[in-house]
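The next part holds the structures, each set out as structure tokens.
Here come two complexes built around subunit A, the first alongside subunit B, the second alongside subunit C.
And then the complex of A and B:
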């Protein structure tokens, strides 16, 4: 059927229809990307009020900076915790949602609600709920556990708090996709597995997860991007990278270097490195998962 | 079938939620965009009208200038009031004020505006941006544009001038200046059996009073103040030690900090000890709001704060049913050489038309007149720059009615003029502040941290920030 393989009358028509997308991509992605790379080869003060070309000097500074190494390690650890945490909790919740019979839609909406909240709003609200001396959640947590929570002072605690908030914030998105994937699994499969006497947990890990794997691969990638790039408002509003750099993620550090410490050149270099790291990670994830994911072919 | 149906409902719900979320996001973005957009369109309008008038008239008549500042709420209203009264008495000058939320945002916006050739005529820049603004070469020293004979700088308050005068030249006009000051809860002092008329004046005194307060009253911790490098800088100056070398960066570019000095050690030993004794409530880095809340809800009996907040703090204390009083900033070992001012000053960017520059000069002269300064001081707590304003308020009996303002002025007047009390100049000051503040967190994070060796680490981080900045400008 030629009309299906050739949807457009001419190549020009296709090009014209693609044009708006490319204009937006070039103006807001490729051009700023190139400009960032150009800036990363310069030394600046004050958002480029004074500039000079220095070649790879900024990259050399990053390679030898202890603060940058620490920030790098923290970001990688943070991404690992957030990706694994988000997937594990959403999988569990999705499975419960899939199994529940009464009030399923109410539960689902409740589970994805946090995703509807803008990150900045969520961060502000949680800052007050979790505040070490004023927060109500902290108050009861301290009563229950007997621990003294002071994540304004204690680095590891702050890391955990921000990671938990980041996971919570991303649950909704994952659950939408996971529930959709679970609902796509043929009921006959579930029935035959049940007849074979497969238990709930085993059913999830041996039957459902392999069948959902394309969705899971997609979510791993989206969550990785989220953990590296989209958690900025949480850090900015809740900890400002502290205490003592314990939550100083790369994305926050580069913002601060550029706009607060007026070192735009160095921040651009950090931006380029972060981009490269996430791009490589993406490639590796796709490669590894290609052999594991079942696309039903 | 049933499950498919409900799934569709789920996805619809999800879609709606996503759309709501996106709408929230874009709404925010729109706000920000709208903000800068309105600024931009303002500037577009200014540009044409400004240029038009410069070309059309020989000067003296209609000109529009922009005044960008970082004041919010009540303070922004006061700035507008001053500007409005200036417009009324001026000869065809229109001033458009824009509040840019924060000092950092305003500095960045101004630099970009200078780069794109459409700068404001006046921009408010915080004191720690002074060296950065100088190095950007984007500004004209105000001394050059003030019409000669219009301002007698001899009548200005020395501690204020000292800060903004670099190499003998006044680069920017001091606008809102303040000091660190201690405030305390008189009622709690009385209840604890402390004399509310003689608050502690030394580190030792504060620690003792804090312990008395917590053992005798419901107060949980004696003292709070934001973890802010500004206070550390003040305590360094009180011990007549400069924060950085080369006379605080004033006789030459600073290359090294004095954070390994005995003076620095005294400060951090006390501050860490206060925390370890459970007498310091740590509100967080530069957390003014949290510190204020802790003091006003009577979690603490003392707070170290800024003189610019005396009026609202007094009101807050009254609302919470206690009486507040002010005292000098407690001094390490009773050393009181004096403290540098904080706050901001007004800078005039390059690239203005002659008529605009002249108008900016006139506005600066107007702002610094005693009448305007007196009402600014009375309304905000920021120091007047003009001594005449103080004598005028003294005649009106203002200080007798408001002794807490008296404390602030006395503390300022007793400040000796030395390199240490003039305040430091260095390009990476904002970064240095962050390093110092994070350094304190590191010290209290693990009990038993050796202050001296922690300070070594802070010093080396600060020094390499200075070094890296100097490399960039040279």
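And then the complex of A and C:
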């Protein structure tokens, strides 16, 4: 290797520079991960003050618990709605942003600012805007549609409300990436299609979507992780998993099992299952998209 | 096939005038080349004709229709881009069909037939199932041209289609484009910055500079009788020598006086104006060593600074006074830097430009051009 491209004088120097990253990863990721797995094989009381080894007992409890099955199904449905909804709305908004000539950056900022809001703040604000009896949005929605909205007691309504808020919150992130991907597509492709008079919709699904597929694959995965893990504050602040468990997502249920019902062992088992489910989903998504996505060249 | 008629075409981007009041008539079935340096407005002109750029003022007619406000697909044009603009996720055939499906007054069978026909003409049948990523630059450009062909357009627009190809392929594609044009007889408008491409391809060449047309003429006329100093220097490689001279008029006899030489210019009555000082132009191949010139030729001396063997000739950079002069001499001439040369000029090939850059004098006149023809095909 030529002298000037050699980044470090010795391996030790490289190791020292890597050390902080390793320390953080081990202390906050790998060690807690292993510890969670160990805890999932134990029965605990008093927040883990007393433990006893029970083998796979916690997993057996989960496998036979109707409440857990329901939470599992709700989480999967919720993730599906949020991922598909986020991608569809973001794609629509991004395409409009891509096509607009005047004031594009203003629209872009308007479209992505919800992402800058902390989830907890967004949840609190929307809780009031969408409040069944006080909320200004619900008020006009009821006037316009004639529906009676009471998502504090109606399970399906609560599910939809939390899903809509989750989608809204994630739009900005998706739009940034989609607009960037669209702008990376050579302008002459658009012009060539203009010469042929190709319609906007056909252009979107025949040309733009295939060409931005690597970005879309990335977003599907990020959005899936978001839907399973990062929607905790929304549920916690808006519905507390209710009404009647209609929004009791796995991530919320395991938090309650651990810190409200003091069952650390069972909650750890739920964590491990959630981790495994999302990991398998990632793998499947990547395998499917690998054969479909167009990576140029 | 349609003619294109451009009348007072102007394009302004905010304060910048990219195309300034251009008039141009392109005959039906003609191959016209727009050539000029980057930023001269040639691509903008082409894009206005295509409908990709709006027209600020002026009239654009294709055939007998005014198309200023027609969307691109209704103008009966097809365009080939410099970077090919092929859809990377579609095969060659899909690329050629994609636009056709949108025009959609054709059945799928008709489209398939046309694609096959175009592929045969371009000899790309075996490329139809491959994606652009699997094709070389030349093959991609063939597919892109094929995509334009299937449209069977009234007018072909080509925007620097050969610029991304390597030199050898460019020469080959140039010949193929010419052949294709002869087969199809479509009105073709070709944009390039390469004066060699312009000279070799065009029935006529329009030289653009700074948003204006300097001259529109057949390539040889452009070369022999440049109307402006810009055209003189832009067309031809190496470029025409231009040196400042004082002009002395004595009736019909005119002398060009330079610090290092004095030439009496033949046919002094052909001066259209009589500026006291002007730019004197002569092409490198029209300057020769005095030994090779007729005995009565006017000669002057120059000092050699650099020699460049071009293979088929030797390009000599030399100085007359403070001005540099390029001379094309025979290959393998024994000339080295520091030598003093005795030079003569071809008196039929002299040009004078006034200080606005317009030609005021060519030592032969265009009407005589026919007598310059050295060989004509015998009548059968």
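Operating definition for what follows: the second predicted complex is superposed on the first by the 283 of 297 C-alpha atoms of A that agree within 3 Å, B and C clash if a C-alpha of one lies under 4 Å from a C-alpha of the other, contacts with A are read in each partner's own complex, and residues count from 1 in each chain.
Methods note: contacts are C-beta pairs under 8 Å (C-beta built on N, C-alpha and C of every residue); 3 or more make two chains touch, one makes a residue touch a chain.
Not measured: the values here are computed from a predicted model.
Aligning the two structures on subunit A places subunit B and subunit C side by side, free of any clash. Of the two partner chains, neither subunit B nor subunit C is touched by A:276.
Within the superposed three-chain model, A:202 lies in touch with subunit C and out of touch with subunit B [touch as defined at top].
More residues of subunit A are in touch with B than with the other of subunit B and subunit C. Shared-chain residue A:133: touches subunit B; no touch with subunit C.
Once the two complexes are overlaid on the shared chain, A:245 sits against subunit B while remaining clear of subunit C. The superposed model places subunit B and subunit C at 150 degrees from each other around the C-alpha centre of subunit A, with the value given to the nearest 10. When both complexes are overlaid on chain A, the residue A:29 reaches neither subunit B nor subunit C. Shared-chain residue A:117: touches subunit B; no touch with subunit C. Taken over all C-alpha pairs, subunit B and subunit C come no nearer than 12 Å in the superposed arrangement. Touching of subunit A by both subunit B and subunit C, each in its own complex, is seen for no residue at all.
In the complex of the two chains, the subunit C residues touching subunit A come out as 50-52, 71-74, 77-79, 81, 83, 85, 87-89, 98-100, 102-103, 133, 151.
On the side of subunit B, the complex with subunit A involves touching residues 3-4, 6-7, 9-11, 13-14, 17-18, 20-21, 24-25, 28, 104, 107-108, 111-112, 114-115, 132, 135-138, 281-285, 290, 293-294, 299, 427-428, 430-431, 434, 438-439, 441-442, 444-445, 461, 465, 468-469, 471-473.
Only residues 186, 188-189, 191-199, 202, 206-207, 210-211, 294, 296-297 of subunit A touch subunit C when the two sit together in their complex. In the complex of the two chains, the subunit A residues touching subunit B come out as 43-50, 52, 61, 67, 104-105, 108-109, 112-113, 115-118, 120-121, 131, 133-134, 150, 152-155, 172, 176, 179-180, 183, 240, 242-245, 256, 259-263, 265.
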